[in-house]
Amino acid sequence: MLPELFFAYFAFAIVVLSILVITRKNPVHSVLWMLLLFFHIASLYLFLNAEFMAAIQVIVYAGGILVLFLFVVILVSIKEELRIARFISAWPTGLTFAIALFIALFFSIRSFIAAPPSKYTVDLIKKETHVQVLGKLLYTDFLFPFEVASLILLVAIVGAVVLAKRRFKS
Amino acid sequence: MNKLDYPILSTIIFLPVLGALLLMLISRARETLTKSVALIVSTITFILSLPLFINFDKSTHKMQFVERHDWIPAWNIKYYLGVDGISVLLVLLTTLSAILCVLISWHSIKIKVKEFYIAILLTCGAIAGVFCSLDFFLFYLFWEAMLIPMYLIIGVWGGPNRIYATIKFILYTLVGSVLMLVGIIFLYFYAGRTFDIIELMAKTYPYNVQFWLFWAFFAAFAVKVPMFPVHTWLPDAHTEAPTAGSVILAAILIKMGAYGFLRFSLPLFPEATKAMVPAMLTLSVIAIIYAGLVCLAQKDLKRLIAYSSVSHMGFITMGIFALNSQGIEGGILQMINHGVVTGALFMCVGIIYDRTHSRQIADHQGLSTPMPVFAAFVMVFTLAAIGLPGTNGFIGEFLTILGGFTANKWAGVLAATGVIIGAGYMLWLYQRLFFMKVHEKVVSLPDMDTREVIALLPLIILVLWIGVYPVPFLDFMHPSVQHLLERVNEAGNMQEINIAKTLMEVIR
Amino acid sequence: MVPLNWYILLSTVVFTIGVFGFLSRRNIIIMFMSIELMLNAVNISLISFSHYLQDLRGQILAFFVIAVAASEAAIGLAIIIALFRNKATAHVDEIHEMKG
Amino acid sequence: MNLQLPDLSPIMPELIMTALALIVLMVELLIKKKEILAILSIAGVALVAVSLIGSSGATFGGMFISDGYSTFFKLIFFVNVILSILISIKYIVIEKVNFGEYYGLILFSTIGMMIMASAADLIVLYLGLELMALSTYILAGFIRYDVKSNEAALKYFLLGAFSSAFLLYGISMIYGLTGTTDLKAISLYITEKGLAGNPALLLSVILFTVAFGFKIAAAPFHMWAPDVYEGAPTSITAFMSVGPKAAGFAVLGRVFMVAFASIKVDWAAILIPLSILTMGVGNIVALAQTNIKRMLAYSSIAHAGYALLGIIAANNEGLSSMMNYLMIYAFMNIGAFAVIIMLRSEGFKGEDITDYEGLAKTHPLSAAIMLIFMFSLTGIPPTAGFIGKLYVFMSAINAGYTWLVVVAVIFSVISAYFYLRIVMYMYMREPKVEVSLSTSPAIGLALTVTTVAVLVIGVYPSFLVGLARAAISRF
Amino acid sequence: MESYVLIPFLPLTAFVINILLGRDLIRDKAHWVSCLTIIGSFVISVITLIDVINGRVINEDLYTWIISGKFRVSVGFLIDQLTAVMLIVVTGVGSLIFIYSIGYMHGDKGYYRFFAYMSLFVFFMLMLVMANNFLILYLGWEGVGLCSYFLIGFWFEKKSASDAGKKAFITCRFGDFGFALGVIMIFLTFGTLHYIPVFAEVKNFAGQTVNFLGYDIDLITLIALLLFAGAVGKSAQIPLHVWLPDAMEGPTPVSALIHAATMVTAGVFMVARCNPIFNLSETAMITVAVIGAVTSLFAATIGTFQNDIKRIIAYSTISHLGMMFAACGIGAYAAGIFHLYTHAFFKALLFLAAGSVIHAVHHNDIQRMGGLKKYMLITYVTMLFGALSAGGVPGFSGFFSKDEIIWSTFASVSPVGKLAWFLVTAVAFFTPFYSFRMIFLTFHRKFRGTHHEEHHLHESPPVMTIPLILLASGALAAGWVGIPHLLGGGAQFTEFLKPVVGHPELHGTHAQEWGIMGLSTTIALSGIIIAAIFYLIKTYLPVRLARNFSSIYRTLFNKYYVDELYSLIIIRPSLWVANSFIEGFTDAKIIEGIVNGVPRSIGRFSEKLRKIQTGLAHHYAIIMAAGAFFIVALVLLSR
């Protein structure tokens, strides 16, 4: 009974928070709500005993991405933001299709059949810590994606520099 | 099978192309050189093509001067050329018209001279290719490639309204040919992955397949011919095209359509053809009379002749779909005649246009006083156009009407009325151009110069030769046409199948 | 034990909320956050799957998703800044130089 | 824990490419003359192309496969990257964005494509896609001081991220359903568990379609293309119009033919309306365009529609025809863009189609070349474009979709109108503005290569077709 | 290959030489070439005639003209009695007219052209009569039509002239339309076009019916009628007679040669030639007879009221041709040909004389002539001969032929024989009347033209008068080869033609024959007398009559308004259809409407469609989402 209640709370909180995130007029508020949202999601991960993921969620998202966001939000003049409409004129259409999409997704995933469980049982992960298991996998089976991911990060750095850094037009 | 020691057909096709490449190297400034090279190349091509006329074995329907090499093994496509009695004369006509086109545009083309002659040579090469190809892929390649230079010829050196005309020409033609392409591909798989026309002809196809493919091909050929409902591109194209362009259009380009019917539609889809004969005859007869009447209403020289050639092509298609030897042979001969006569008429219009820069009939009254020789030339072609006995026009028209009449009396009778209308508009045209008080605009026009005479003389000779002694030309056709007819007739007798019924079962 | 479908449903809901945000908000940054929302939704489902299937691929993928999200954020924000330099607006519906 | 190094020979090209990209980035810091980088990267790519020969087989536990299929696509990417770099050299100087990163990013993007072409695992696929996409976003916005370029980057980025979110959702569904991300394993699981026709599975297929449809700019996921193509630097437009599209087709082909092999019927049924819509929108809207880059954007949408026919045919013939089509498209499209780029000069955009009026008079040669490309794009023989179309039509008809091909050819007739309008402007109008071409040896080379390729393939396609056939035989 | 082959080809060479060299080299010596060649052919014709009289019939193919499947026609000649007669007429009368033309056309700037065309005409005419199959016949048929087109429109600067030429050609084309179909029917029936086999076969097909355009028609009748349609056109019978009067726009020698002596008689010749076919179809025969007889009277009545000297003769020509057809129609082909033969002489004579008159007064209006007798006696006398012969005054050749026709019609067994007889007898009154009206108004009483004209009046040069004299003697004596048995003659002409055209069965006693002859003669004479009263003695009568019966007068003066009728029901409608309906509506509106409309609508659609591309990223995203949703929805619903 407890886990259901626990889940119910988090689920509810996550939904509400995400709605808040996308509906606040003031971007700063959105960002802050999102921060809260990420914490909730992180704890949901804990609940799915993926501590490492939870940690990353907090560090990377809350710590990294959101800070970036905040930086950028500063650029926007909050006053003007508060003055004008938050939604585009066609938002009802957007809403309609969002809901429509949800219905479509809902009806398709109703017939979802999960694949049979594999070897990484909870206690196996418990035995040798989550980090280690994950790490092993990343450096053996998933070495290649891992390297690609590094390339992506590199590209991101270069790109950010190229686009954002002030440089005299050659 | 090629009795000659050199690949004559490839030469005919690719010599002009090489000539075009050669022209590209010549500097833009040296126009005379450009023209001369073009003239020389086309003349050599013609001379080299003469063996087709001399060495052709008139006793067999087999393909002759065959060249066959692997080309795209992946799709079992061959580089496969050859001519038989149906195509050989058209090839010769093509090589001849190349020369005439070069001659006739000697002074009339002033801008982009180099490109013009390149385009002319390429067009003629490609069209020769169309008549020679025995591989569907190769055929389609030439069939479409011909559009590119033709598009430019009309569009760049054409009259004021040329852009509309070109777009119309290209789109009309494309719609037809792409449908044919689908048909060709379908046939390719249906017949077991071959584009070899001879092989394809050897097979027989169920009626439904024939029915759809017939219409797919019809789309392409009818537009080219052009047959009645889809003829309206021709007047515009002719009117706007430069003289050489009109000559190519009239003399050879629109023959591709009729040739297509003979070479493909009839032997590949005999039963469908038979079932469609009524429809085809109707369309042809409508074309004859309809276009004839339209001619009466024209004020523009080229437009009139353009419509007249729609009418004449009506005779040809009628002959072809009469499905008897007189009709078909008459049709083929009439293709040549029409090529010669209408081509010549367009050249004459060009000669006028070079002098007065007007195509309005009203501007050229009483021409025969200043230009008697020219008047005489035009008279000969006019007479040929109205099918006067002794000229080539008569032989063709008579045979086609005879064929049409044999196939269906109504068709014959109505077509014959077309002859009356023809006399009407042509003579009226001649009167308005050459007779009556001399129009002050034309009083002091110079008569034809030597170049123009040289350009028209061979055509006069052909007109009279075919008119007086057509047997040498007809002899080319007999075996091939007989063979074609056997092919058409051996196919089970499907006459009673009417289109509606077919449609029903196709829909089901 | 919470059934898996609840998680999937949750992720779907969050996903669609993200979609809605993306479709309707004028502010680039919020649109961008909506995308992050969608990614998180996916992550939720991934991690729940990997928990229930007792297989770590899901988490690994989620891991990469977060990495990519980070770089996307970097680049996206860089683009936004570059835009700001020429056209001081944060509203996507004011950016329609090119249309038709 | 022992960490044994996996077999690296299959990914040798990718490795070399990466090294090359890194070198370029580093050299960029040292030298002033950025043209060196161009030459360096072209040489490097050539080297990589050579290294393709040795590389074949799967590695990293089957996550990465280097087979004929991927090799052929990699060839397309190389053609694409080399030609794009060739036409860039002069252009980015004119645009005043002559930075070394440009080449670096192009190379990274190409690496992404290569990884996509070889990905046998959804995770790798996703990462490759992101690598390609992120680099392209940056390149699209590379002219930082130009609002259009920014806008292009922004739209491309937002919608790209949006679509990849869909992709992820799809991947997660598949993962949940099958417990794996390996394509072969997925198809195995689907067949043995009889998942075929399960709505959840179909949902993920659809979500894949959305994401890949976005990459190949298939309607209705094409909306980004016109704006981005118009706004992005012309050289990048050329690059994008071929590379990411081809990569998209590569993954589309592999995922659908391998992972979803058992539900061909279903995804074919999804793709057919998509392709019709794509051809329709592309060709019809292109009629109304006045900016040539935009027009070519719509044309490239349309071409995606034709290439889709190859995938719809859902057999090896179809795939090879699709590959063949893309290779040809690479040549003719980049060729066209090369001509467009030549018109761009200091203070003259040269993107409006009226700028082409009378080009035949002022610059006959380039007009003639443009003419060839336009006819090729229309698909009129004896140009390569015809061969490409012919092959896809053949495979579609062979697969029994004659009616679909009829639709396609009708649309291609419509397309003739706007392609030939360019020719019309060049040849049948008098020049209004004095156009000066900014030529350079590099562009000259690019034009020569493309023109020759278009004509040669047009009359002698055996080699290319044979190559595609051979490639698909080792799929 | 024998000399007779030269008969047609000599003139042809003349044509070629003149047309090629005439303008620069020969110029005003053109007549030498033409005259010499035609005289040459005349000589050979005479020789050939003698051969034929000695019972030698030539039928020889030169070479094969057309082969196609079963269809095979050769260029070949058939020379039998009928042909021989025609040869004499054509070359003989032709030569005289050629010579006459030397004087008449002297100094015309188209001199060489004139002779070239004339020679060409003779060539085609000879081909026509010498043909041994229907296609060569058709060749000549069209060829002479062409030449008449050239020669009528010889003075092409005159609009009326070129119009007339065109009219002649196209009107004939209407007939030829039928003729061509007839030829085709013959081929389809007999499998060949050569006379001999066709005529041999034809009996076997008697009574067969064929379905033609939905009607079951007797085969032979159909063929005969189709052929006759051609004859109606060429020989200017009702309803296709309209072109002949206008044809007078051409130079007078042309009118003489083509529109009197030779071409217009081609129809009669053809009918006679095809008598084996016609004989088998009563319907056809009746048609021929009736159309002939009616035309004959019809034209005669019109001729009575014309003032243009040449038109009078033209209508007289039509009228005479009508008679010939009437004769053929009741089976008396020989009589028809006989009249053809005599008519050739006196009609050519009349025309040439008229020409000589025109040469003097430079206009054609007999009302502005008169009293020319004292200026140009030879012309007067010769023309008088012509008139007498035409009027059928006993002793003159016209009398014998006309009388034979009248008698045959009367005595014929044909159901329409009596009708024909009645009409022809009526004509026998009109012919002399208008002939002498013409004579009187032209030559008698005093000159009614201007003084200026008056003292340019002069007799024509000998080169013109000599042919007149020769023809005059012909007009008098040519008929003596056919004096009927009744008058103690041998009717050699009829006998001579018998092998070809056979002989009609006539029921009548000698008494009747005398009576008929007497009747027609009296009628003829009365015609002359009345003419004399009207135009010599009581000259006010015609005017008053005209006033009293003005409506009839106007109708006749305007040739029964036939031309007007045609322009109303044929020319105008077809032009209207061409201009307004087809060109203006079907082509421009419907077909072009579709052709241009479809692309235009696509273009409009494109303009609409591009509006979707709003440039707003949101909208793009919405469309993507919508797309995703719709696909999912479709897939879900479809299962």
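Labels A, B, C, D and E are assigned to the chains in the order they are written; within every chain, residues are numbered from 1.
The rule is simple: a contact is a pair of C-beta atoms (placed from the backbone, for glycine too) under 8 Å apart; a residue touches a chain by one contact, two chains touch by 3 or more.
It should be emphasised that the depicted structure is a prediction, and the values quoted were computed from it without experimental measurement.
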Chain hops separating chain C from chain A, counting only touching neighbours: 1
Pair sharing more residue contacts (C-beta pairs) when C-D is set against D-E: C-D
Farthest chain (mean CA position) relative to chain A: E
Chain whose Cα mean lies nearest the overall Cα mean: B
Maximum centroid distance from chain D, chain identifier (CA atoms): E
Interchain centroid distance [CA atoms averaged], chain B/chain D, Å: 43
Separation of chain B from chain E, taking each centre as the mean of its C-alpha atoms, in whole Å: 38
Geometric centre distance via CA averages, chain B-chain A, whole Å: 71
Chain centre separation in whole Å, for chain E relative to chain C (CA means): 97
Two or more partner chains touched - positions in chain A: 88, 90, 93-94, 97-98, 101, 104-105, 107-109, 112, 114-116, 118, 142, 145, 149, 152, 155-156, 159, 162-163
Where chain D touches two or more other chains, by residue: 123, 127, 130, 134, 137-138, 141, 144-145, 153-155, 158, 162, 173, 176, 179-180, 199, 202-203, 226-227, 288-289, 417
Sites on chain B at which at least two other chains make contact: 171
Chain pairs that touch, as defined at the top of this document: A-C, A-D, A-E, B-D, B-E, C-D, C-E, D-E
Of chain C, residues touching chain E in the complex: 19, 22-24, 26, 31, 92-93, 95-100
Chain E partner contacts - residues on chain B that touch it in the complex: 168, 171-172, 229, 231-233, 290, 293-298, 324-326, 329-330, 366, 368-369, 372, 376, 383, 388-390, 394-395, 398-399, 401-402, 405-406, 409-410, 412-413, 416-417, 419-420, 423-424, 427-428, 431, 434-438, 469-471, 474-475, 478, 481-482
Residues on chain E engaged by chain B in the complex (per definition of touch): 19, 23, 63-71, 135, 138-139, 141-143, 146, 149, 153, 156-159, 162-163, 165-166, 169-170, 173-174, 177, 180-181, 184, 187-188, 211-213, 574-575, 577-579, 582-584, 586-587, 591-592, 595, 599
Of all residues in chain A, those that touch chain C in their complex: 3-4, 7, 11, 14-15, 18-19, 21-22, 27, 30-31, 34, 37-38, 41, 44-45, 48-50, 52-53, 56-57, 60-61, 64-65, 68-69, 71-73, 75-76, 81, 84-91, 93-95, 97-99, 101-102, 105-106, 109, 112, 114-122, 133-134, 137-138, 142, 145, 149, 152-153, 155-157, 159-160, 162-164
Of all residues in chain E, those that touch chain C in their complex: 610-611, 613-618, 621-622, 625
